[in-house]
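The structures considered in this document are given below.
Across the two complexes that follow, chain A remains constant while its partner is chain B and subsequently chain C.
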Partner chain A sequence: MTEPSTAPPRPNRRLRQRLDRLATGVIAASGIGVVVAVLAIGVYLTLAVLPLFDGAEVDIDAAPSAADDGAIHAVWLADDGTRWLTRDGHLRDAEGEIATLTTDTTIASVAESGKTQPLALGLGNGEVRLVPRDDSGRLRWAQASTMRLFEARGVVALTLRHAAQGWVLAGRDTQGKVAALWHTGEATRRLLVPETAEHIALGHAGRLAMTQGTQLTLWQLSPDGGGKALARTETQAPVTALGFLQGGRTLIVGDAQGGLRRWRLSPDATGWQVAETSYTALGDAAIRRLIALPRQRLWLALDDSGRLGLYQSLSGQRWQGQAPEATPPPAVSINAQGTQVMWLDATGALQRLAIEAPHAAVSPATLWMPLTYEGHSDAQWRWAAAVTGDEEPQYSLVPLAWGTLKAAAWAMVFAVPLALGAAVHSACYMSRRQRARLKPAIELMEALPGVVIGFVAGLFVAPFVERHLAGTLALFVCVPLGSVACGWLWRMLSRRWGPRLPPISAGVGLMVPLALLCWAALSLSPWLEAWWFGGDLRAWMHQQWGWDYAQRNALIVGMAMGLAIIPTLYSLAEEALSGVPRPLAEGSLALGATRAQTLWRVQLPAAAPGILSAVMIGAGRAVGETMIVLMVTGNTPLMSPSLFEGLRSLAANLAIELPEAAVGGTHYRLLLLGALLLFVFTFVVNTLAEMVRWRLKRRYRRYGGDA
Partner chain B sequence: MTLGALLLPMMAMAAPLSGTLGTVGSDTLGGLMTQWGERLSARHPEVRLQVQASGSGTAPPALAEGVTRIGAMSRPMTEAERADFIARQGHPPVAVPVALDALTLFVHRDNPLTSLSLAQVEALFADTRFCDQTPAIRRWGALGLDGDWASRPVARFGRNTASGSHALFKREALCGGNFRRDVNELPGSSAVVAAVGRSREAIGYAGLGYPTAMVKVLALRDDEGTPRLPTQDNVVSGRYPLTRPLYVYVNLAPEERLPALERAFFDLVLSPEGQAVVARQGFVPLPEPRLAAARRALRLPSLAGVTQSSSN
Partner chain C sequence: MNIPRLGGDGVWRWLSGACVALSLLAVVALLVLVVTRGLAHFWPADIEQLTLDDGQRIAGIARGSAAGEERYFTANRDLDGQVWRWVETQAIVTRETPPALLYAERRDWGSFIGRLTAVETPAGERLQGAEAERRLRRALAGDAEVATLYVRNVEGRELKVAFAQVASIAWPNRMDVGDKLAAWGHGVWRFLSEAPSDGNTAGGVWPAIFGTLLMVMLMSLVVTPFGVLAALYLNEVARQGPLTRLVRIAVRNLAGVPSIVYGVFGLGVFVYGLGGRLDSWFFAERLPSPTFGTGGLLWASLTLALLTLPVVIVATEEGLARVPVALREGSLALGATRFETLRRVVVPMALPSMLTGVILAVARAAGEVAPLMLVGVAKLAPEIPVDGEFPYLHLDSKFMHLGYHLFDLGFASRDTEAAMPLVFATATLLVLVIVVLNLTAIILRHHLRARHRALEHS
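This part shows the complex of A and B:
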């Protein structure tokens, strides 16, 4: 068979084989590389997100080492006198520097508010001693000043908070009398509150909460020394502990039955509202002490049985355990980050509570459930990252997920009919030559960058549609109806004067009447608006249905993103349709079916899985699209299904906020959680779509197709 | 002092400064920093300023971790950011005011409105009522406009969360409350101005220096009810309520002197030449006393000395 003389020289053949093996290897490696890269992204995102769901931990450590406590400034009370902890972590005795403070009385209470406000010491003789701080937060003991709060009785409870240009403090004496000092710049005013209280706590802007038994009173102090009661209410059980969280707008009330209640103070049209928003219980023993931490709205609750719980204002209990010795209630001091609490019990033993709760503000409830945030009167889904450092973070992914799906859904509403119509037409009705021209033209649209589409849609289309809303909506009605009417007319005409009509194809012939229709819809719409909608469609919609119209809305994003996904949809659907084996369609026609019947009964059902997969891949693309949504929607995290209101998608949110998020922080990891959700969604949808396509190809092969 | 001021340029001549100075921070200040960098290279050809302007929030972590010694911020550091810096570096950062900025509110040029009170600003933009109890404003009629305007809805535009403008507006105009969820967030002040310029019912806020002929800047009424436009005078005097200094934070221990590169940078920024850049970029230059105070805080020679030595 073979002729040895004409066989190719061996070395060449070996080289070719080697090259072939090399090429196989490179291609296989590239394929595996792509899979590995995609998996690596998934694994990276998962690893970055997992710490969000780590539990909180409170480690209690009996011997704090000096090196770790560099940032702590604290004053401690023990039964044998006063002690304090200096910057370098040494607990010193009362003899040395404390002598400059006061020697003839005892320190009965301590209050501090962050590391910029002075430290306040309530003295046994009714005075308050204020120790100012320098720029670094160091206490300046030598510059301490003394002010009188009560005539003679000791200040047994003290609460302090910064206020406009200064601070305000309130104290309670041994008989339950309450007095306050408000310091603004130079002047300090004193106010005697004409009520008695067992527990006091100062909130934002001089709002003082006081309790006596089950009676809860909210007072408004003012810088000029005045004050008035804002609200009074009853709690369900006698109050045993009281505290405001960071920011001073949420009040936590602990009661004799171990209950912990979060109270919301908010103004509305009728005045101040004090309302309970959530309830939880630490145990059944009375709550002894509430300690607000300076970050993330965390707080510790201690009850009479020595149970200690760590809570976050929205996500609830994060940790529970046994407190160190705590009778009578300990003196505590917290570092600026809120990660360490120094705890001095009555025996003089010092404990350190290391609080490990970097992502305490995140729980399934805060991500997915509507919550009552500070300053709001009802439960809402809100997304708003903390930007000033002191506000309550609102981390619900629901509005973002909603926005993503809403944008994708409207884009599909716009794109699916157009793309599928085009695919059916070009696959089943067009001549091979026309198709060869049209298909690349539509697919070329895919090369249009999202930024360009977003820019044009956001800056030109959105304002245009806002001005010509009636005209645009008229277009959506006129163009499809007009096309059908034109098609019918063309059929009638060609039946009558067939040979005499100009030799153009129906598709091209449709262009002129369609352009005329568009022009008519746009130019006649003002008249239409004047007749039916009182001259202003948007005002009419608002009056009739309460719909608001935002300039950047789902309609615009539907059009812009629809345009972006049409090429993908068209290309895949056309491929599926034209891949339907010819013998099927030809058989149907040969048996006497019309072209429409063949399309509906044979070609579309055969290609349905392919079309479905095209729609799925298009949806996947719409969900992940970033720039168009970012530029066109206005990024408003709303939860409305309205076509005329904006939205904020996960992808756009990621693009806007990731540059600002501190790496490794809660906000950063939540943004990556959004990214992971997007990844999983597109991965699943695309995989399903590919599986459907693969099965379809197998089926075609069975019928003798070439796909 | 004068001797030092006279000697300084001579010393600079003797050993030309060289090196790269990296900064991280505000995008509002990005343009200014780049301009200052160019002028710094003109003064000292071997010196380059590398500007990374991705938002005010990026400066504090970079400063605290020691990635950079200079961080530009369009808002002051929060207490938490400051505490983190002190915990890492052992001393507080030095905030150097380098220019003044104001948040301007503007409407479409056809809108007859001329001024707003701060309570109305909150009622327009906020979901919460932390400053005042004015009911929400949804129609232009609620701001006293009549005719066609009375029934027109208000469309709200603002900056994205990453910007210092967003944070300042939230803190000063909303008293720390929450924005309405239908405030359109656009990346970039010019995008906000463009959007308002193209929508008759829109109101928006952005930094100074962006307004175009398409929009009308609104005056804000102060406590006495006098409308104040964000003019240079009103911004410098603080009579316009939403005014803010722009800062460059520098990592400098109390006893330490500024290293030569940083010194050259701040000497330029806090000079008439550097402040002329501020004016050209649409911000307000620091008034004389604040400029002098900033120079004193950094132990830079006083301005009179500099002009004297440069004229020699």
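This part shows the complex of A and C:
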């Protein structure tokens, strides 16, 4: 090596410096990256959830119209452009005439029901013309057929809905007479309703709502041409508009004072019930028109002063604005997605309403308040988001939150005493060597995958507990008593033989007696059950208290998830307890306190914040645990407080429903909202716990502890 | 007699002791249950032939009893339409174990219990009785050929089984302990090396083992550098202040975030976000069927890497904190830059703790199922994601995972009862893998601490 003083400057010095700076930069960047990763999870979830709470929007603009003479009666949004139907029966598109539907009469009314059922045109001579659709929903104008609804007078109002194997149609003539047609595939039957009406609307399964003044009547039509009145009610004000929502189970009634009310068809076909609340009114002008949109149970209401409102069946008013024209449109057409409405006013001008309300069914009220859903008679919290067809989705997060908290609470009931007891024992009563041996065992326990614990609990423990319920419950009494009895016995023995007994710790020494005790309790339980509960505790519980027993229930999930969070709780609590500065405990003992007194009065209070943070972190784990809950609870979103019934947690719900949910849809975003709730909960709890721990450590250091 | 006082110190000591005992007992019971059931599955149990008081004959393997009834696994789903029979103990007139009863596992229709009546060679020659059995044994050993087996259940109903359908045949009632041990070993080997069959209710778990290993390897490739770098930042580079405290809290928070939330994040960001983008850039010709825009190996590995990041960071930090400051200062005093000190002195000393962290991360990932359900695990993917076709490793393919296989077998399979032994066997394997990994980590850490203690004292 050369002398340092004569050596030229080392050529790689700058390189080394640069390398150093580069490495520092990379390391710092990845450190910051961790923070970014945490934030990214929260930010991503928030961004994905926010659109749920965007307001609804209805944009109105003028659309080009082929109207030149004001004779246009109806308009359709087809896949390949708009079609116009003139009052005198001509069908046109932008290029010119496509077909002539009728020559000898006029078109007086139009009705359609989704894009699978035919289009019905009420004619001025009392006939109905039906235009069928092909498989892709396109109208087949050339194959239109005609049926007679009234003898001579024109069909001024028409309503149509699909029914079993076919469709039902009801019409009203110029004098208010009402008649219906029920088509079942092979035959079409006609029925004359012996009442007059001002407004009619057809609901699900042939239910026909009719109003005359303030009288609201519900008729049940039947496929064979019969019919009977199911119920009659008086409304508060004369009804001026009527409409069934998607699915045909909810009737919206608009009255002359601007009131908007919801009526539900009750599940048992006997009448209906009025909803608890009416909707926010547009104003005090009479409601002139109600337009049900084909998706999300959305509907538009128009009143006499030209106010237009967008409503959702459960979440209420979503938007209010001004209609293109105050007079009700003679014809509207809605596309299949329910995002566009073509609005043809009396002058023949065409307006396009773009409805931007992808998540209108979600509002704070629908998420957190009990609501009366279709097919139910009272307000409840329900979750049933994955629905098919026209079923009403139930978007309340409350049952899931309830299930999550219930499972976590029962897990804590099992885990907290056991884990804290174990921590106290190992911190206060075990030697250093015993503790060092226990620690790996607990670590192994922590490593047990949830899926293994869940499967043993779900497939083995759950059926076992179902058969030995009394024995299992007896264990909760036997084990504490038995262990105290063992201790007493041990003292007796050690008085007698003292030094000849092997020096074993209570923790390990109790394993064999407790195992025997459990075995004894379980094998004696049939007799116990026979003596006290007439042989079957489950039947007895049902009889006495009306408790149902589900095989996979909160008791099992409490035990299984308790086992899963014991190690976490134990490690943190033990850390807190053994970190209590030694002089504190020694001083207490030196002043003559017993060990139990020292434990309760000195060690536990000193470690209380640490134990609290352990409990918080344990609760965070219990709330987010997925597999155990998924496998051990029947995953039914119930709101029952019972220990013996199932539940569904937010986390398990994600695992079940997220793979199937359509990306970007309301259901998908609601599931992400569930994930966000879990994230926020654990984030807050963990941060709080971490702060508590940090403060505690600082305090210990001040008292001269070693932690 | 002097009765000791029951109270004060004693009660709490023994009650808290009971907590330790009960926790340990629960874990031991769980492990013993899983392992014994799992390993017993491969033991060729004797087949009993029962004659009931109504003259009916049943052959099956006893599997538990309850309330005066015994349960038998009778196999022969294609003949009986069921594989389980509950028999009243009182109704059983005789119990025998005829040596001629055989137990065959078939690739379809599950297992068969009955007697061999004849075999047919590919040449059409039909052999009966003892000769048939000799021929069949030779065929099973690969020395002869057999085309079809003619078998009969205990009630005398005949069945024709193609030899290619047969996965294994045994005559358990004739086996001595040595034979049974050999058969047990063979069964375990087949379980580990074969793909699932018969709608996941039979066969082995090889694709699941391979999928788990591959996923975990990819994950460690990602998580190791990032975890170690983040720990180095926290411990070596950053000034200890509010920012590092924030990062530490962030790490703790990452560890506390429910695993399913990582799955949601992986699904939204990796699968739909990144994957969808990749698809529209590079695989547009295959759209709308997604290539990377659906769950797969790569996204699962990345998601689990994010999930296990805190494990690696915490373990590495612990190791770094134990490196004596004197060593660092010595290195810096001799003129080394900070990077050189890290590379030559600090990191080599903390290497075992990093390894511990990675092993713990691997153990965690091997047992984690919930996020995988969202980002790419498959119910059945018998093709492993590595083959001879370019690019050899198919990062976009779905894969099987032991933990998910366990869930699927136990909760989504056609016949949960029949799959139960297999569930226990899979669980045993999973527990074994995780216990071995964790024990390695624990032992490693133990040695490490001992070494550091020695270093501090020297």
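Here, the second predicted complex is superposed on the first by the 609 of 707 C-alpha atoms of A that agree within 3 Å, B and C clash if a C-alpha of one lies under 4 Å from a C-alpha of the other, contacts with A are read in each partner's own complex, and residues count from 1 in each chain.
One rule holds for everything that comes next: a residue touches a chain if its C-beta (ideal position, glycine included) is under 8 Å from a C-beta of that chain, and two chains touch if they have at least 3 such contacts.
Just so it is clear, the structure is predicted and the values come from calculations on it, not from any experiment.
Trainee: Have a look at where A:A596 lands relative to chain B and chain C in the superposition and call it first, second, both or neither.
Mentor: A:A596 contacts chain C only, not chain B.
Trainee: Per the contact definition in the header, classify A:G624: touching chain B only (first), chain C only (second), both, or neither.
Mentor: After superposing on A, A:G624 lies in contact with chain C but is clear of chain B.
Trainee: Determine, under the contact definition given at the top, whether A:G375 touches first (chain B), second (chain C), both, or neither.
Mentor: Once the two structures are laid over each other on A, A:G375 reaches chain B alone.
Trainee: Would you check which partner chain A:L459 touches, where first means chain B only, second means chain C only, and both and neither mean what they say?
Mentor: In the superposed model, A:L459 contacts both chain B and chain C.
Trainee: Quick one: is A:A384 in contact with chain B, with chain C, with both, or with neither? Answer first, second, both or neither.
Mentor: After superposing on A, A:A384 lies in contact with chain B but is clear of chain C.
Trainee: Going by the contact rule set out at the top, does A:R232 touch chain B (first), chain C (second), both, or neither?
Mentor: Neither chain B nor chain C is touched by A:R232.
Trainee: Quick one: classify A:V663 as touching chain B (first), chain C (second), both or neither.
Mentor: both
Trainee: Figure out whether A:T24 sits in contact with chain B (first) or chain C (second), or with both, or with neither.
Mentor: Second partner only, chain C.
Trainee: In the superposed arrangement, does A:R695 touch chain B (first), chain C (second), both or neither?
Mentor: neither
Trainee: Between chain B and chain C, point out the one touching more chain A residues.
Mentor: Looking at chain B versus chain C, the one contacting more residues of chain A is C.
Trainee: Considering each complex separately, which residues of chain A are in contact with chain B in the first and with chain C in the second?
Mentor: In chain A, positions 458-459, 630, 659, 663 sit in both the chain B and chain C interfaces.
Trainee: Inside the complex, what are the residues of chain A that reach chain C?
Mentor: For this pair, the touching residues of chain A are 16-17, 19-20, 22-24, 26-28, 30-35, 37-38, 40-41, 44-45, 48, 417-422, 424-426, 428-429, 438, 440-445, 447-456, 458-460, 467, 479-480, 482-484, 486-488, 490-492, 495, 505-511, 514-515, 518, 563, 566, 570, 594-596, 599, 617, 620-621, 623-627, 630-631, 651, 654-655, 658-659, 663, 671-672, 675, 678-679, 682-683, 685-687, 690, 694.
Trainee: Can you tell me which positions in chain C touch chain A when the two form their complex?
Mentor: For chain C paired with chain A, touching residues are 2-4, 6, 8-28, 30, 33-34, 66, 225-226, 229-230, 232-234, 236-238, 245-265, 267-269, 272, 306, 309, 313, 337-340, 342, 360, 363-364, 366-370, 373-374, 403-404, 406-407, 410-411, 416, 420, 423, 427, 430-431, 434-435, 437-439, 442.
Trainee: For chain A, which residues count as touching chain B in their complex?
Mentor: Listed in rising order, the residues of chain A that touch chain B are 70-71, 114-116, 135-137, 247, 266-269, 294-295, 336-337, 373-376, 382, 384-385, 387-391, 394, 399, 458-459, 462-463, 466, 536, 538-539, 542, 548-552, 630, 634-638, 645-646, 648, 656-657, 659-663.
Trainee: How about chain B: which of its residues touch chain A in the complex?
Mentor: Touch residues, chain B against chain A: 54-55, 57-58, 61, 78-81, 83-84, 86-87, 91-92, 127-130, 133, 135, 151-153, 155, 157, 160-162, 166-167, 170-171, 176-179, 181-187, 194-195, 198-199, 202.
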